[in-house]
């Protein structure tokens, strides 16, 4: 604290928190609304990836999807914690944290405690853990700015960082989510859309092998809706993988989807 | 860690990288006698420095600063508070420096880095003692409402001279800060005015920028024997441990001279050399800052 | 030119010093140090086996725990811990007991200005009491700069708050040696003029800082004489070298 010592006074953000006007757009009956950033329902935001964002790390990547900005660093394989038991296969350790200014209101990013374990589950199946026995690979993510679909961006970015670090994987892991808003499914939702969604579906897969590593569904979904959502996600995942592969291959990493 | 000369033959056959890891001090000293450093810089030369404003859209002011590989992201969020009784016409600044686990292999989640609270404290002290910001400008309505400026600085990549980069990013973020136009609503709360003002009178018309008087600039130097190395990298800091950080403001006043211990004693001549290097560096940083702020005004 | 000090001291006058060693029974070494109403109690435990993670096991490690008078420790205490750690590391011979940890616990008893220098002096006395191998002692002083550019030494809390700027300085103590004086000089300056630690707050001109240095050096000569005197009775044999 600069200036004065003692306890910090309580503060509040002056930005309006109630957005009554917005919810009207996503009305259940109205099918013809436009997404606030002008995208089609099944159109992802332009994706930007860059590897080697952090010099201090063994591998790292930066991802930017619209306003969602994420950095992932990979450290290791390095010595496991002393308390850990002997293990024939390597360990994966994941952590996701938010900057205090990531969210519109300061310091709300700590609500996402489950993201670390979800990142772990999404990546675990793709990494060939047998290649680094007795050691640990650390995957740390920092969400610089939260603009919606944070976890899918973190997962895709993490797999790119792992590839940059030279960790053996069966395939790149890509992840995309869809939000159910009334009758419609919108892909790659922004923060505003996520806050009004009736349900969400996040799919994480290895596109070249056509294998799913993680599928998370919240809210009420009918079976045909789930099928439709999964198909949209799988399709987007394979396109995303092409962008990521291009980033790994060449210096020209600015490809739009 | 100086080896006897007999092992010279072994060393000459050794791979450079292996030598650097095994005998880091000797590796650096062989460079120092030639007045150069492993990254090709001369001893008094700082690394390439750049800055970009407005990197964080969700903040009221933000800046990204790079010094070599060290990168800092600073962002300011303005919130409203009730000013304290002792100073009813003043706002407040809260500075926090974070070292997330992504920035360095030595930081693990759940165990905050030792250096982080120390740098936070140093930054708060420096910014308050150089008087860069007039806290009265952060007042909204006397005794009722004032701004609390939360400045959070994240180290994205740690490669030495963390304080220098953090201070530069803090200054750049303040120069980018756009205070939102607000008005008092019926509940006595301060709210941001949207485009059409809604019939309300803004309480802070024409006070959207802070005047920054006497901007602080810093340079960290490493003392080793009689050598003074400006702007050390993380590797240099870990091998040669004596650091001196000098902060000068734009009028040439000494804001801070910080030397926390270290095996090398600083004599008056070394102190004067460090101050002279900082003076030179302050001019460089001022130019960099002027360039980014003026390019922003054009937009 | 003279400015009046609240307690009637002259600008160069220090508050009465008091140092007692071996004040705690269970600690391996302990000392209390008073400068006027500022009092700090220090306990030293160790060297204990093993170092913490991220420390160099080829050297002895020093761990500092700063206990404020009341409340929890925050950023200020973290900073003091770091400064003390680096300062003590520079005076200890770390290569003698590799892969050990020495804990230094600082308990603030009363803060009436110049707290950090007082703690450094106390820690030094406690390290000697615990028999930790040292290269030399360190003496710490606080120099305050008044609005008028006048320097006062060893301020009380009230004076500290009124001043424009202050500097905490730590110097090595003066060495008693049989070597001729020229051999003890570094670049034309005696060893005890080298700064171990410098922490400043508030803006001042560079010349003012150099002036503070000069005054601080002069005052620490007296303090190091006091420190030596208070350590001597229990070190009758080595007094000439340990100094």
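Every chain is named by a letter (A, B and C) in the order it is written, and numbering of its residues begins at 1.
We take it that a residue touches a chain if its C-beta (ideal position, glycine included) is under 8 Å from a C-beta of that chain, and two chains touch if they have at least 3 such contacts.
Everything quoted here is computed from the prediction, not taken from an experiment.
Chemist: Could you work out how many touching-chain steps separate subunit A from subunit C at minimum?
Modeler: Minimum step count, subunit A to subunit C: 2.
Chemist: Could you tell me which pair, B-C or A-B, is linked by more C-beta pairs in contact?
Modeler: The comparison resolves to A-B.
Chemist: Measuring between mean CA coordinates, which chain is farthest from subunit A?
Modeler: Farthest chain from subunit A, going by C-alpha centroids: C.
Chemist: Using the average of all C-alpha atoms in each chain as its centre, how far is it in Å between subunit A and subunit C?
Modeler: 51
Chemist: Roughly how many whole angstrom separate the Cα centroids of subunit B and subunit C?
Modeler: 28
Chemist: Two or more other chains touching the same residue: where does that happen in subunit C?
Modeler: Expected reply: no residues.
Chemist: If you look at subunit B, which of its residues touch at least two other chains?
Modeler: In subunit B, residues 124-125 touch at least two other chains, as defined above.
Chemist: For subunit B, which residues are in contact with subunit A within the complex?
Modeler: 56-59, 62, 69, 71, 73, 75, 77-84, 87, 90, 92-96, 98, 100-105, 108-109, 124-125, 127-128, 135, 148, 150, 152, 154, 156-159, 180, 182, 189-192, 194, 234
Chemist: Flag every residue of subunit B that touches subunit C in the complex, lowest number first.
Modeler: Against subunit C, subunit B makes touches at 106, 114-115, 117-118, 120-122, 124-125, 129-131, 214, 226, 244, 249, 252-263, 265-269, 271-272, 275.
Chemist: For subunit A, which residues are in contact with subunit B within the complex?
Modeler: Per the touch definition, subunit A meets subunit B at residues 1-4, 8-16, 53-57, 60, 67, 71-73, 75, 78, 95, 97, 99-104, 106, 138, 140-142, 144-146.
Chemist: Could you list, by residue number, the parts of subunit C that touch subunit B in their complex?
Modeler: 54, 74-76, 78-79, 82-83, 85-90, 165, 167, 170, 172, 186-187, 189, 191, 193-206, 208-210, 213
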